[in-house]
Each structure stands twice: as structure tokens, then as C-alpha cells.
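To keep things simple, chains are lettered A, B, C and D as they appear, and every chain counts its residues starting from 1.
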Amino acid sequence: MIRFENDYAEGTHPRILKRLIETNEEQTPGYGTDEHCENARTYIRKACDAENADVHFLVGGTQTNMTIISSILRPHQGAVAAITGHIAAHETGAIEATGHKVLTLLSEDGKIQAEQVKELYEAHWNDVTHEHIVQPGLVYISHPSENGTTYSKSELEELSKVCRECGLPLFMDGARLGYGLVSKDSDLSLADIARLCDVFYIGGTKIGAMFGEAVVIMNDSLKKDFRYFIKQKGGLLAKGRLLGIQFETLFEDGLYYEISNHAVEMAMMIREAFVEKGFSLKYDSKTNQQFPILPNEVLMKLGKKYSFSMWEKVDATQSVVRFCTSWATKKENVELLIEDIKKLEYGCVNG
Amino acid sequence: MIRFENDYAEGTHPRILKRLIETNEEQTPGYGTDEHCENARTYIRKACDAENADVHFLVGGTQTNMTIISSILRPHQGAVAAITGHIAAHETGAIEATGHKVLTLLSEDGKIQAEQVKELYEAHWNDVTHEHIVQPGLVYISHPSENGTTYSKSELEELSKVCRECGLPLFMDGARLGYGLVSKDSDLSLADIARLCDVFYIGGTKIGAMFGEAVVIMNDSLKKDFRYFIKQKGGLLAKGRLLGIQFETLFEDGLYYEISNHAVEMAMMIREAFVEKGFSLKYDSKTNQQFPILPNEVLMKLGKKYSFSMWEKVDATQSVVRFCTSWATKKENVELLIEDIKKLEYGCVNG
Amino acid sequence: MIRFENDYAEGTHPRILKRLIETNEEQTPGYGTDEHCENARTYIRKACDAENADVHFLVGGTQTNMTIISSILRPHQGAVAAITGHIAAHETGAIEATGHKVLTLLSEDGKIQAEQVKELYEAHWNDVTHEHIVQPGLVYISHPSENGTTYSKSELEELSKVCRECGLPLFMDGARLGYGLVSKDSDLSLADIARLCDVFYIGGTKIGAMFGEAVVIMNDSLKKDFRYFIKQKGGLLAKGRLLGIQFETLFEDGLYYEISNHAVEMAMMIREAFVEKGFSLKYDSKTNQQFPILPNEVLMKLGKKYSFSMWEKVDATQSVVRFCTSWATKKENVELLIEDIKKLEYGCVNG
Amino acid sequence: MIRFENDYAEGTHPRILKRLIETNEEQTPGYGTDEHCENARTYIRKACDAENADVHFLVGGTQTNMTIISSILRPHQGAVAAITGHIAAHETGAIEATGHKVLTLLSEDGKIQAEQVKELYEAHWNDVTHEHIVQPGLVYISHPSENGTTYSKSELEELSKVCRECGLPLFMDGARLGYGLVSKDSDLSLADIARLCDVFYIGGTKIGAMFGEAVVIMNDSLKKDFRYFIKQKGGLLAKGRLLGIQFETLFEDGLYYEISNHAVEMAMMIREAFVEKGFSLKYDSKTNQQFPILPNEVLMKLGKKYSFSMWEKVDATQSVVRFCTSWATKKENVELLIEDIKKLEYGCVNG
């Protein structure tokens, strides 16, 4: 079985593993106060062109989302998010468990637009009963989105502008941030993101690290006491240096981009193969996740040799599935897959 | 100004006031352990044909909803409700503040159907990633709904059946329960409700009491330690006898129904007047709330003499508004309103 | 049975009842936006010599405590309180249910001193692991305390000074505030309290009202969005005018002080009788609660005719009990009690 | 600088590192459903002599404590713990953040006794106002305690007996469990613990793993839906196999005990040296943490060459400090330390 089902099926990128081995016997202080974490912070600030940023390291995405969001909101406020957003759909109510509603906006592609935020904000404040309604308190976006789509610089600029006008901190979930940064689709750089968001995180788990997410806090008013929140939410790793070492390796000489580029390149090859064969794509993703709509016969045929994940049933005869790539995706396996796609006899089913 | 804007504009029904006066100097133990509360419990159990019911008295609706719901759910569970449900829309996230998501179902009329619950339940358990999704933990309905619509006995029977099959306690918000009980629309009795729901409450605030909601717990497994929850959520009134006295008066000889009948009768007169004049109704309510769709000119004209509440804009020329009646609505005022409706010159605007 | 067991055994002061009757048919807007609430706010601001104060009305003490405290604290902060404080001991974890630890200080008499707050604050910040410890976020005191003791002006000034130096909002629970204001023991006025506290509440339930607590917010930074919090915690009464009418009556011409004076006068008579007979008092209360230490035989003898509450066992032969007075305590009953105390044959048991 | 300041200063035991390297390119499903996790579960069940145990893997201690405790308690219940317990003192209110009070018991040595639990339980239920007080809902103990002390089999049997009589689940925090299992002090085996506790965890982070805690649920009623809780609290690691691989290695052939034995042996050598020199120990620990009371001059002298942590000031001239050992503690470094202790000129300061 050749696996394309997710981007966390293997351990970690060999260069990270190497560094973990090299540093294993070093003695460091705990809880993220060691030199590796300090180095990683310096590299990340530089990559973000943001020397005043606060940088913290947490273990996983849900933990990071709930820690950040609950640190920002007051009790009567909620987080505005796309209805498809990870916090709205796939975190077992982690945000609600901290006391806050997720205020959802409709979205076809996983993104939300400035205009939607503006409308929700105005609807709230224009409602005479607004004190009976959860107040919007921040805006959550994912880049790339859960569907592989990305924000353009102008889209993010508009969103950021509206958020600032409304006094709503803008938080970007970057669990797969690298794939967005290198996507042909998006002209957004890390420095743009740092400039336009109040807080965001740079995902490690899905981009070559064993685990780990690097939170970057840009807005000074959100920086205070953040380490208390990490501890309270169970995210302050005793051996914090493990996170430092990983992000040091990812950011000291561009490994983060190298990994991201490889995965996206592999994904685009897969995309091309499906498109050329005449299959439709559910979402127009130029990142490491691809969502072809495939007839059942194709699913069965490909499923014998390759693993991928079921996304959603379209009707009795076809479904959306997801193919994922990562640092570990081997080109020869992608080529095998492409060969097999070419050989399929069902190319025009969506036609 | 003659007010039809809500059903809590006045103090309390004269007979309740009289009893509060008569008992004012009595000395009783606190926190709902007095004889008046005990009497009220007995009357309510009898009215519900449910001698094993636990009956508790709380002060207001939001408090009652959050106390009941948080007492039932485990941390990973949510409350299934219509998207228009009070807990979903108008309680400033009180449920989320106790840690739980409200899982919303679409609804045009404020009600939800058995089939919708079944689908949501099955969708959850059939999703292979269900551990990443909030688990449905109870079903919340309002009767009458926030839009004045009611459940029929067969509808509630189906809903109850599905809930029991799915292991989901069924909780009925009865903030305006009396108006539902006397509605020509619904054949549901208190005894039916007690038989079909796991827990519900009988609203006092909006049906003649100064304040107060009587919680009736039918399902034995939900009874344990309920007084702790009331205390923790700030609902255990020191002078609990005030609640006992009010519900004693409402239920000892049918005052609750008398009040409800009066209000619904007044509301139906208003409804008829609008309908006869050719106006449409947004919701088909046979209870104490009426939702005519009126053109701006009519709103302005009626608004000079009568108060009512804006519900929702239809378009630039017309809006849905709400007229409410209560124990305190005077027939002569309703007749004045009807006269004025008849005189309107805009009868066919919706045609 | 003549009852001295608490200060909420009866309904409400006759003048309040009269006003509720007079206003019963008035139509007012809901949720505390009516004229009675507005009048009450004006009277209270004047009584506090604080024209910029925000004044809100809630229903009960636990509700008020949890609403205020959770509105102030960030998630990693706790409320500093005496170990005997109501929020620490008798609210079923209502504060913890909003996510916050109560950080307790030892107290013999129910009060805390400036020095204790300073020490806790410094201990926190001097601990190198302080990010692993709940951060003190506000200071909660009760005046009078749960034991009937009161703060002097100089004590409150010192406490306020330390709190301001430490950046800790000072919150006074005034469930029995009136009794403290008129106590011979304390030279604190409402204006002093308004000047020295960031937020406090004026208790109604235990001082002649049917129910109700008036929150006074002095610190501008705590005022924002407070009505959202009231709604979310279930404290926004639909018929809010009931609260306005009660506090209007209590504060328009000094009824609040009149009630307080009467109760304290009655309590001091009871205190004198016990002291003259040679009994010790557990706490040196000059307010409406008295805590004599009585041998079992005395308890049994008095218990036949009078009700009072058990406070705590001293040893096998004697216990602390509580006698409470209120607006409703009749002088003739107090005189009867005093007669019976004089006749007791156990006057020197504590000697 | 030779470091004895904690037991998480290095990476991971070489055998674990080796296995992480060997398995790095394997493709596995995520979230703890892989074969390594399955193997680890089998080994742990066997080590616990508990084939029906549910075994889950989480990342860190605070996360594990809050996940377990919030999964067990209902909203009005609290966790009974020693005042020195980690959840009471050093987790930034993580338990309160899930809505629950920690009910503390006094403790000199970090342990609690059956009798104390019994007393607290009875005090609660005998208090007529118990509905106003947080109900004890489970008992939390640490073995070894935060002070290095351990429970004997008979102590745990008594505690377990009382807990079962009271209906209170017994939860053991085993962040340093291995050191307790091999301590000469304690006759408790893993099988005993599994038999006597309802739920416990086997700490990895402080016993040779990179990170990770293995939760063992014995009581069937606590097993339901536990993976939802892990996800909601941010503990469900995407690359769950990392946890599986580590615990597989620790438990397949006794590495967990080997590591524990080494660390405790090193600690006992240090203990002996201090004791022989005449220093007192604050706690009588036979585990990997040692707490000598040392005069300032000694602290300064040793501090130049060795790192250790300040525990608590005794007075102006001396303090309690902590020396910790682990898998990574080198015997030659311990011998150096012992030499230096022997050479100290302050051996009888505590005499």
C-alpha cells in the first residue's frame, strides 16, 4: 500500500531527526527556556521580518487553537470562523470547552471574505438586542484552508483592514502554512502574514516536524502572560528544547520551504494527472491536498494499491476523496500513481 | 401608547400579587424548602399526572436552560437545537459558557423534526472521525417555539421515540408553555409532555408570574444532585418561597390555563384582523405571539399609538413585526387596535 | 417558634410591597431599561457620591459574585479571598465553574488584611515558577464579613492602596452591606466604599428587599459590556423593573439605613443579653448576626421556643450558634428572648 | 556545570531514540491507532496484570490530569488532593479552568491518608448546607508524591477501600511512577496499583521518554468516550505512533524499571552523602528526588559546580534544595558530587 491519506503518516524529516540525535545528551533547562528555543525564535522573527514578535512553541493544532483563542476573548465573545474551519468542525468542541461560541460564516471553499466579517459585525451591533447575542471577539482563518485553498495578499489585506476597523484580532491557523507560502496560488509571504495578522502559527506537525506549532504574536496587547495560558492548557512541554530543535532546523536555512515545495510539487503532479484524465476537482487547491471527484469504480481500483481519505459522498456513484503529500512523499510513488491514473478507463464520468 | 411589544411588560397577575401580600409576614425556611414550594410541587405533579417527578423552581429562562443542560451533558457533548432556538440565538452564549456547543438544525418555523435528529445522530456515528466532532448529548426544543408554532402530540411522540432510541434526553423549554397548552393548534397536554420529555420547564415569567420557571424532571437519571447545580449557577433564591407562592397560585385552581387562554384569545383576535385585512403572517402562530408582515406605512401609522417589536426586515418596503399578548392585555385595547387595522388603507400590499 | 435563624425568612419590607402593588399595572420595557431602574441608579449614585458609577441590578448573591468575578479575570487568574469568604466556602464552586481558582488567605474573623494581599502578591511574582501558578487577579472581601465583622475606614484604605499598587481590582461583596454601614464598629460610608473599591454590590435580599443586589462599578475599565455578562450568567431579569422599584424604594429616602439600623439595634440587644449572662461570643460582631458560644443545655432550652442556626461545634459540650435579625424582627420577640436568656441557669459555663 | 536540577534535562534514553530512528520512515495511521500503540497497550496491560484495562497515550502531565479529571467529575464536584498536589499547586489552575474546584487536604509529606478522605467526605454529607458546597467527586494522589515520598501497599489499600465505600474514584498521578515502583520504601507493584486505583498514569517524560504519559483506566464506568476527551483537551497527537514507539520500548523488556532503578540508585548515593555529612533531609524520599536542608555557604559552594533547584527557604541561613537524578545521570558525576560533599566544612550545621 502506497499512502497518500494524510501528511503525518511518517516520523520526521531526516535533518530534524539528525539534530535530535546530535543534541540528545545535551542538558538544557525546561519549558522552552533553552538556547535551541531561543535560536528558533530568532530565525522565525527574521523569517517574519518581525523583530518584536513573541514566539512560543506548542505541541499540536487543537491545543494551539484553544490556547490562543481563550487567551484573547472575554467571556461574552466568540470566534468568527468559516463553517468549515477546524475549530468549528473538527476539534470536539475544544473552543466551546473554554467557554466560547464559534460564530460561523458560510463558505464554499473554506475561506471567508472581508465583506462577510463586516456584515456579521454590523448585524451584531445594529441588533437592538445585541446584549443577548454572543459578541464577535476575533476572526479565525486557516491558510491554506482545510480545503487546500489560499488567501491572496489582497484578500488578506482587506480582511485585516476590516478586522482592524472592527477591533477584531485576526488569527491565522497555519497548521499547513508552508504549503500556502509556496503555493503558486498565493502571493502571501510570512512577512505579509506577520504584518496583517495579530497572531498566527507556523505548523510543524504536518510539515516535516515530529510535532510542534510555533505561535507568533504580533499584537502587543495579546502578548501578556501567554506562557501562563500555555501551561494551563497543558501545552508547556517539559522538554521544550525538542520544539526548539525542530524549529531551529526548519528555519535556519530554509528547510521549511524546501519541504513545502517538495510536497506541493508532488501534489501538483497528481492534480495534473486527474485533470488531464478529465476528472473534476472539488476544490481548486494548489497546495499539498488534492480533492478529485471520482466514480466508485475508480476508487475501488486505485484503493487496491493506494490509500487516500474519503472526504464526502457526492451521490450514489461518485465521491470526493483527498490525496495528500508531504516531505516523505516519494517521486517514484507519485509516478506510479500517475501511470495508474492514465490507465483508468473512466476519464469522462464527470463530463 | 398601548403596548403589545412583549409578554413581560407588567408586574404580576392580581391573584398572585394578593397571595404575596397575604403571606408577606410568614416566616419560612429558605432556598425552596418551605411549604409553599412543597404545595406547588404537589399541584404541578398532579397537573402533569407524574407523581414521581422532581420539581424545582428557578428564576429565569436563560438560567434554567444553562442549569439543566450543563447538568446533563458530559464535556464532549453538545445540545441539539433549532438554529432559531433561544439557546442558540439569544442567550449570549450561556450554554457555551458552561463548556458545550449548541449543534444547530435548520428550521423555518422554529421547530425541529424527529427525522432531523435521527440524521444528525447517524451522521455523527457514521463519521469515522467522530471522536473529533462534538457528540450529540441531548435534544432541546421550545414549545411553543420562539416563533409561536407548536408541536402536535404525534410530532412530539416521534421526536421522543427517536430521542429514546438514540439515548438522547429530550428537554423542552416551556418559557411560554401555557400558550402552547391552550393553543387550538396543539393537542399536547402537560401529561403528554411529562410522558414524552425527560425534563422540561413550565414558564412563569411570561405567563402571569413576577418571575419564575418550574423545572420538571421526569427521567430518574437526571434527578441526582440537581439542587447543587441550581446553587452553582446562581439560581437558588434565598427567599425561595416567592417562587413557591407564585406557582401554588398558578396551579391550585387552573389560573395558569386561565391566563393562557385569555392571552391566546386576544392574540387570535389580532391575528384575524390582520388576516382579514389581507396581510400575510410570517409564522402560522396560534399562540400569544403574532407575526404579521406589514408595509412601512402601516408600521408608521400603527406605531404612533401602539408599541410592538421589530422582528426582521423583509425588504425595503416591509417588515415582520411581533404583537404579543399576556394576562394583562385588555380587551378594549385589542378592540381599538382592530378598529385601527380595519381602517388601514394598505390591505393588499402582500398580494 | 420565634425565628432568628436567618435574615431572609419573610417576604419584603411593607413599603417595598406597597410600591410593587402601586406599580403592578404599569407597562415598562424589560431587562432593566425602565424608569424605575433609572431612578434607582440615580439615587444609588447619589448615595455613593459617585456620579460616574455604573449601576446594574441582579437577582442574588452567588449570581452577582460569579458575574462580576468572571467579567474581570483573565483565564489564568484567580480571586484572592478569605478562606471563610462566601465564594470560597458556600457557593458550590460557582467561581471555579467559570474557570477560576479562589486563592484563599487564612482568616480568623472573616476579614483579610492589606499585608496578606501584599505577601501573596509578592510570593507569586517572586516565585521563579510563577507561570505554573494561578496569578492573583482581583481581591474579594465581604463587608460585613460572613462572621459579622467589619472593615474600618483605615483598614479599607490600606487594602485599597495595596490593591492599586498591585494592579488588583478590589471587589466588595455587600450582601449585608447596610448592616456594616450602620454598625458602631465601622466608620465606613457608602462614599468611602465607592472611593476605595473598584466594584461592589449593595445587598437587597438580606436587607428588606424581596430579592436583588445592586452592583456599583467604579473602575471605568470594568464597565465595558457588563450587561452581556449579566445576560450570559442568567441574571438579566425580564421584568427588571421589579429590581428598580425595590432599590428606588430603598434609596429614595433612606429606607435602606432605617432597616439596617433596626436590625442592628435588635442584634445588639441580643448580644448584650448573652454577654451580661457571661457567655462568650465567637466573633466580635456589631452587625445583625450574633455568634454566642452556648452549652448544649442552653441550646436545648432556647431551641424549644426560638429557632437559630448551628454554626460550628466547639467541643462535646458547647457550640457556636447564630442569631440573626432583620427588618422583620419584632422588638417584643427580642425582649422575650432576652427575658429567657436572663433566666438561664448556665451563665458562667465559659468562665 | 553538572546538572541535577530536574529529571527532564536531556532528550531521551538511547534505546528509545534508536527505535524512533528505525521506525522513522514507516507509514502508520494517525491519532494512536497504529500498531506501535497497540503493542504498547498490550505490554502495559501485561505489566499491570490487567487485560481489561483501557490504555491511552497523552503528551504531558498537566494535560493528562485535566483530561482525566474533567472526564470524571460532574459540574458540582471537585477533586480531593493534598495541598501540595501538582493539580493544586503547579498547573496554573488547569483543573479550575475545566470548571472544578480542587478540595485540598493538609499534608506534611505530600501524601494523604484514608482517614482524611473519610473525614472530608463525612463533613460534606453531614453538613446540612452541603448543596452549597462543592461535592467531593474523586480523589487524586501522586505516587511518588511531589516530595518523593511513596505510598505503601497497605496505605493504598486503605485509601482505595475508603474511596470505594464513598463512591469516589481514585486517580493516581504517576508522572514519576517508575521511581516509586523501584523505591525500597514502597512495596507497591503496577498490578497492585491497577487493582486499587480506578485510573492512573505511567509517566514517560520524567522516566526516559522524550515525552508521553500512558493512561490506564481500570474502572469500566470511566472508559466511555475517553478519546473524545483527549481530542477536546488538545492531547490527541497526530503522529500518535511516537507515543506508541516510546512506551513499546519502555515496556517490552523492562527498560522502564531499568531506568528507574538507575536513577534511584544514583539518588540514594547522593542522599547517603548528605546524611553522613550530618545534613537533614526535608522529606524522607527514597526516590529520584532528594531534599537536603543546606546552609547558604554550602549552597554557594556546591552551586559553582552543580545545578540543583531551590525548593523553599527555611530561614535566613539555610534552605531546602532538590537534587534530581534520571536515566541520564552519570555515575562519575555523582561520585564527583559525593567527593565534594565530603570535603564540605559545614557538616554539623543542622545539629
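Everything that follows uses one rule, which is that a residue touches a chain if its C-beta (ideal position, glycine included) is under 8 Å from a C-beta of that chain, and two chains touch if they have at least 3 such contacts.
All values reported here derive from a predicted model rather than from experimental measurement.
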Which of B-C and A-B has more C-beta contact pairs:
B-C
Quick one: point me to the chain whose Cα centre is farthest from that of chain A.
C
Rounded to a whole Å, what is the gap between the Cα centroids of chain A and chain C?
51
Return the distance between the CA-based centres of chain A and chain B, expressed in whole Å.
42
Per the C-alpha means, the centres of chain B and chain C lie apart by a whole-Å value of 34
Chain A touches at least 2 other chains through residues 75-76, 91-93, 97-99, 131-132, 228, 231-232, 236
Interface with chain A, chain D side, in the complex: residues 1, 3, 5-6, 8-12, 14, 17, 20-21, 23-30, 59-64, 66-67, 91-94, 97-98, 205-206, 210-211, 228, 231-239, 241-242, 328
Hey, which residues of chain D end up touching chain B in the complex?
70-71, 74-76, 98-99, 131-132, 135, 225, 227-229, 231-232, 236
For chain B, which residues are in contact with chain A within the complex?
75-76, 78, 89-93, 96-102, 128-129, 131-134, 310
